[in-house]
Structures are given as C-alpha cells and as structure tokens.
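Should a chain be cited, it is by its letter among A, B, C, D, E and F, assigned in written order, with residues numbered from 1 in that chain.
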Amino acid sequence: MKRAIYPGSFDPITVGHIDIIQRVAGLFDELIVLVANSTSKKYLFSIDERKQLITDSLIDPKIKVESYEGLLADYARDHNAHIIVRGIRAVSDFEYEMTMANMNKKLNENLETVTVFADPNLNYISSSIIKEIAKLGGDLTTLTPPNVHEALVKKFNKGNN
Amino acid sequence: MKRAIYPGSFDPITVGHIDIIQRVAGLFDELIVLVANSTSKKYLFSIDERKQLITDSLIDPKIKVESYEGLLADYARDHNAHIIVRGIRAVSDFEYEMTMANMNKKLNENLETVTVFADPNLNYISSSIIKEIAKLGGDLTTLTPPNVHEALVKKFNKGNN
Amino acid sequence: MKRAIYPGSFDPITVGHIDIIQRVAGLFDELIVLVANSTSKKYLFSIDERKQLITDSLIDPKIKVESYEGLLADYARDHNAHIIVRGIRAVSDFEYEMTMANMNKKLNENLETVTVFADPNLNYISSSIIKEIAKLGGDLTTLTPPNVHEALVKKFNKGNN
Amino acid sequence: MKRAIYPGSFDPITVGHIDIIQRVAGLFDELIVLVANSTSKKYLFSIDERKQLITDSLIDPKIKVESYEGLLADYARDHNAHIIVRGIRAVSDFEYEMTMANMNKKLNENLETVTVFADPNLNYISSSIIKEIAKLGGDLTTLTPPNVHEALVKKFNKGNN
Amino acid sequence: MKRAIYPGSFDPITVGHIDIIQRVAGLFDELIVLVANSTSKKYLFSIDERKQLITDSLIDPKIKVESYEGLLADYARDHNAHIIVRGIRAVSDFEYEMTMANMNKKLNENLETVTVFADPNLNYISSSIIKEIAKLGGDLTTLTPPNVHEALVKKFNKGNN
Amino acid sequence: MKRAIYPGSFDPITVGHIDIIQRVAGLFDELIVLVANSTSKKYLFSIDERKQLITDSLIDPKIKVESYEGLLADYARDHNAHIIVRGIRAVSDFEYEMTMANMNKKLNENLETVTVFADPNLNYISSSIIKEIAKLGGDLTTLTPPNVHEALVKKFNKGNN
C-alpha cells in the first residue's frame, strides 16, 4: 500500500493546502495530513484546533489527520510511509524544500519527497498572510474556507477584548 | 488625478528610498509616502520620528508623508489611490512583492502595483543593514542622509548610556 | 504629457500582453505599444502582421501601435517618452528586465522603466509557448484572442501544405 | 491503475535520468519513459537510438519506453495517463517546469505534474554537458552508463573522420 | 602575505564549514576562521565553546581561530586582511552574500570577498538544521564531526533535565 | 606558486571583465586570462582579435593571455593551475557557475573554482549586450575600453558596407 504524508504547520489550513490535498490524494492509497507541533514555534491555533479545522475542511475517507512532535523522517519510518508530499509556490519555497528533502533522505533512505506546484490562482495565499489580514480586519470570505474564517474572527475578537 | 502610494516601514528612510521617491514622483500627480505602523513589529524609531526623518529628507510639494495601521488595500480605497509603487533590489524582494501585489489586488481590485528597480549603486543598502552598521559604530556618512545619520548616532549613543 | 512605451516582439500578441496593456494604459496619458523588428531575429509573423494583430486586439484610442528597428533608448528620446513599461512573470524575467532597465538608463538618463507583475492566471502564457502549441495542433481557443488564433491556424496550415 | 509519464529528450539518457526513474518507478503502477521527437529540435541521437539507449539502461518490466511527436497533454489523454513526472535540479528548471505544468493542466485538466529533486551528487549532470565533454574528449566513465559512453565515443569519432 | 578571513557564527561548526576551510586554506598564506559574537543574536554555544569546537576540528597550523564583536570591515583593516571567504549553497545565500560583499567593500575599499560553492553532498547541511535534528533526537553520526556531535548531545540532554 | 585561470569567451572583453581581472590579480602569483575557442560557437571577433583586445587592455606582467580549444579541466591540469576564477552578476550566472564548478571538480579533483561578485555599477554589462548596442549604433564611449570601442565600430561598419 502506498501511504504518503503531507506535513505542515497548518496554522490554519488554507485553500492552497486544500487544493494540494485534493490533487494528490488520488495518487496514493492513503494520505496522512500531518500537523507539526514544535515546542520552539508559537502557533495561533492549538494542535487540536488545527487538526479540527483540517478535519472539517475535508471529507475524503482516504485522508487521515494526525500530529507529531519529533523528526518527520522518524515518523515516516514508524508509520511505514515512504512518500512526503509538498506544494511549492515560489523559488524561495523550492530551495527550502530541496534542502529538507535531501536531509530527510539522509535521515531515512527510504523516504522520497515529491512536490506539486501551487495553483497560480492560490499562489499568494499562505497561513501567515491570512492571519495578518484577519488581524487587520480584512475581508477573508473568498480567501479561506468558512470554518477557518469563523475561527479566525473568533480568535482575533477574543484577543481584542 | 493619479495618486500613488509608496508604502514601507522607513525605519529609517535610506538613500535607496529617496532615490526611488525622486524617480517615481514625476510619474504621478501626487505621491503619498506611507509609513506602516504595525503593532506586531518592533521599530527603532517611533512613527513620528520616522515621518519626520522622511519629511526632512524631501522637499517636493507633490509628496505627502502619512502613516497607517490597517490594511494597505483599505487605505488606498479610502484615499482614492489606485497605484502602489515599490522598489525591487533582488530576487527575494521580487517574490515577496509579487505575492503582496496579487493579494492587494484580490483585496482591492482597483489597486495596481508598479515596481521600479533599485539603483545598482544603492542595491546593498537597506534600513536593517544601516541600523546594524550604526549599532557597531561604522561610518555612515556616505550611506545615509545627514539627518538620518545624526538620528542614528543619537539613538545608539542614548542606548549605550 | 506622460507618454509611456510598452516594447516587445509580440510574435504574436498574447492575452498576457493584452492584460498588461489594459492595466497600465490608465496610468499614462499615452501608451505606445512598440513592436521590435530586429534583423537578427526570426519572427513567425511579419512586422505588419504583428502590428495588425495588436491593433485588432485593442480599441483604446490612447494606445498607439508603432514599430522600430534601432535602440529602444534612442526611440524613446526621439519620441519624447520617458517611461518604459514591462510585465514580469518569473525570476528569470526579472533579472533580464533589471539588466535592460539599467542599460537603458545608462544610454538615456531620462528613461525610467516600471514593471508590473503578470496576472497569475496568465503567468504560463508566452508567445513562444503559444506558437509551439499551435504548431502541434493544440486547442488555443481559451489561450489567445480569436484573431490571433485564426492567424496562427492559417500560418501553420499554410506551412504544412 | 496509476500510469505516469516521464517525458524528455533523452539525448542521451544520463545517470541523472536513471536515478529519477528508479526513485519514482515504485510510486506508480506503470511508468512510461516518453521520448520527445520534435521536428524543430536537432538531436545528436536519432529517436530509435535514444529509445534503445534507455531500454538498455533499465530492466524494470513496469517501465515502458515510448516516443511521441505531438502535444504531451494529448498523448497523456490518449494513453489514459494522469501523471507527469519531472526532475528538478535548479531554480531555472523550477520556473520552466512550473510554466509547463500549468500549461499542461490548462490543455488537459486531468493531468497532474509531480516533481522530484535531482540527487545533489548528480545535480551538475545534463545531456548537453555530457555531449560537450564527449565532444572535447573528456573522460566520461563515471558520468554515464557504459552503453551511453560507448555510443557517444562512436558518434564523435565518426564525426571526426 | 595573503591573509584571508572566513567569518561566520559557527554555532556549531559543520562538516560543510570544514570542507570549505580545507578547500580554501591552500589558496592563502594564512586563514583566520573568525567567529562572530553579536550581542543581538542568541547562540546555542558560547563564544568559547564555538571556538573550541572549531579548534578541535582542524589541525592545519596555517588556520587561526579568532572572534570579534564589531564590524567585519573594521576587523579586516585592523588585522591587515584583504580577503573574505564565504561558501554559497543556494540562490538565497548568493543574494545575501552579494549584498554583504558590496557593503563591506563600501566600508573598506581594500576588502575583496571571494566565494566558493558548497560541496553538493553537503549542500543541505547548516548549523540550524543540525541543531534542530539534535533537539529532536535524530541521528547525527554522519552529519557532524564527533566532537560536535558529543557537544550537541550534552547541550540538549542538559537542557532536558 | 599559485596560478589561477580566468576563462571566458571575451567576445569582446568588457569593463566588467577588466574590473574582475584587476581585483583578483593580486590574490594569486599568476593569472592566466584564458580565451575559449569552441568550434561550435560563432564569435564576432577571431581568437587572435579577442586575445589582442585583452592584451591591449591590461598592463600587469603577472597576467598572461592564452587560448584553448579543449576541456578547461584538462588545460588546468596540463598547466599546473589549481584555481579557476569567475565573476557572477546574477542568479542565473550563479546556477550556471555552480554546475560548471562541480563538473570541473569531477573532471579534475584538484581544481577549485572561486567566484567574485561583479561590481554593481557594471552588473548590466556583458559582451552580448555591448555587441547588440554597437550593431544598432548606440553610444559605447562609457561602456567599453577605447580599443574595444574602435574594434566594434570597425567590425560593424565593415559589415554594413
């Protein structure tokens, strides 16, 4: 069985992430959307919130949502997954992903990273820009799934009171 | 009337910024140098200091110096400006500006971003490198306007006492 | 009066070119779409065909379609135009345009080059890829204006007979 | 069944191509190494020679070697393949592949392009550099498979007599 | 005498740094590995630890290990060194190094920066990725010199208790 | 003795080349400006003309001007030179040079490539753009050494008669 991992912070999931998940899900028998939880990063949403926002945005039974705290290369070995999937939007993404792919292969020689190009229409969308717009009160209705929109509004209103 | 906005942090204004302002001012009827004041960023100079340093460096009556705290796309709509101007020094700038231009058009469909290339002679000058050199006591006489030089010396001497 | 030049080979004009012309026309009092005719390049369409395809694709009276054979910097000086407009799709475009902008300013110090980013939806469209698809019999109905489509079909059918 | 296409000129196949084929073959049920034969390109090796050099370098029964002359997007549709695989070595490759992937999706909406990063050890190897070295009499023993080495020596010796 | 400086944070030294030092040492009469100690950066290892880890990794008497806190351009002037050496792994490194080289020449006109390309095999190795892997308990035996490996294990075990 | 090679087509030598030669000559005991003469390239100037234009532009006795037709890696081995010097102007140069440096090291393990950044003021100058301007009758007085200027005028006038 071909099991692939789509790792990320997903803080929060964007329409760019969803587009990539939907495009690559068909290529594999199982796709794990794997939410990173690093002790050295600050997230807007908790690990449970981030997982829930993903689960609510997807309905394909082939897609599982999991989280991890250690090395991705170890997680893949432990869960018998040999493929990492990543989306690339720009040259700066490309160099970062190439470095990570080479390092992950060094740490786990059975781990192959495949990349797909972000939809040009969604190329300028990232979790960080979405959070910045939400914080400044911008209109996100066409930029995020409704559940994420609602969560962002709640988060920033709460913060302001 | 063609009103354009040249947005930035200007912490502090550099000879690179001044060069771009002088080159593009003639292209439009009015140019607003718009100083960003984000609550999530730490600045060396206060918003009033940054505006004053710009005002003291420019003398063209067509150029106004303003500040804002919200979304640039909203500011442009509220002030009837349809053009954003940005300078580009390098490939990494280019990708960032493309992302921002696409997002700003998504948030305000009447907003066009035009870019000009930094003067090759000034290509290596940025606010952050100027601050770093000032902090380490380097000679800035040929790298900043005199008023900015003086402000930097004052700021870092004060910090050291 | 602010007169700008949008130079290129336009062999043939694409929807990417048309998008940029429509976006920048409003920024200037007059826009000259300037068709290069270099003796060292081989074109699919003659200079008259290329000009006609542009004229048929645009209807704004502010836009003029002209051609030239010499140095762009000289043409601009002779026609009292101080602005060159170029669209940028990718990092490789960016570096080429920066080089040309710097050289053009060296040859004509009153000449400023401003660039706009290609629409992400049209980012992958270029004259050369359109010609390649036409040659291989691909479907161009959504990729080119109808008059260009017709001209390409005629050109390649003629070539095959 | 998941059928993927690995297209290219393969003039001639390199150890970089072979590495990518071996790494991705396991991801799909069938992999077609598809040799482009464009009437507008000049090749060192004929289409039959190029196919033979590939066939002799690979032994996996899941891998087929085919050729085509038309549009890749049409070939994929006609052969019920929904995946294109490409290797990327550098930023310049990246931008070209992104353009082609977007265009191929426009021409065939069921066609997904996935990319893998070239092995850093093989990053500087390309068909064109191999041919240049062969032409200048350089030592290729560690840079190409033995059959390709032999074919190159034969080709350039013949040319010199 | 040709004295060159190889500056960096070396927090900690990696096999990538060691490879560059060994390759360039032969080009000059003396090479100073110069460890930056900036008050505005947080390091994992103290300045003395970083110097010791370098000294323990190298044995060539032509190589000296020093530290500094001010401007690199001033250090070079004070120590009669006219050459800075830097390794480049990627496009993003390249633009940063070009900016720094131009600025350093502006601050000290006798200072030339020369760069060498990182070994492709070590291209994905950086101090920061090594620290991240160490922190997450990954296997570093083939990624760092033994003394650095030991120091990292000690540092993170200490941190966890 | 440290002997370095600065290879190129030099068709013709530019002020960019001369700047790099003058900056790096001091780093080595001997610098060979090595003019490539490839049978598969078309040059404007013959190999003798190109060598003469270089010789007339330089006066440092440490600098020799030579030509070669084979592999650079072999030339270096035969002439006991272990260093190749190259100037880099842009990201696209960077990737090409990295590929060539890695390949040259593969072909000759004792051959190290060091690069310097082009002077930002000369960044947009290349042999090909100089030839294009000369061909179109542009003013080259500030863009090339006088002897090259004269040679270009002679070449293109001859061609036009």
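Throughout what follows, a contact is a pair of C-beta atoms (placed from the backbone, for glycine too) under 8 Å apart; a residue touches a chain by one contact, two chains touch by 3 or more.
Quick caveat: nothing in here was measured; it's all calculated off a predicted structure.
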Subunit E to subunit F, fewest steps along touching chains: 1
Between the pairs A-B and D-E, the one where more C-beta pairs touch: A-B
Distance from the mean Cα position of subunit F to that of subunit B, given in whole angstrom: 39
Averaged-CA centre spacing for the pair subunit E and subunit B, given as whole angstrom: 33
Where subunit B and subunit D are represented by their mean Cα positions, the distance between them in whole Å: 47
Subunit D residues counted as touching two or more neighbouring chains: 91-92, 95, 98, 102, 120, 123-124
Interchain contacts, given as pairs of chains that touch: A-B, A-C, A-D, A-E, B-C, B-E, B-F, C-D, C-F, D-E, D-F, E-F
Contacting residues of subunit C [partner subunit A, same complex]: 91, 120-121, 123-124
List of subunit F residues in touch with subunit C within their complex: 90-92, 123-126, 129, 133, 135-139, 142-143
Complex contacts: residues of subunit D adjacent to subunit C: 40, 69-71, 73-74, 91-92, 95, 98-100, 102-103, 106-107
Contacting residues of subunit B [partner subunit C, same complex]: 2, 23-24, 26-27, 82-83, 88, 91, 94-95, 97-98, 101-102, 112-117, 120
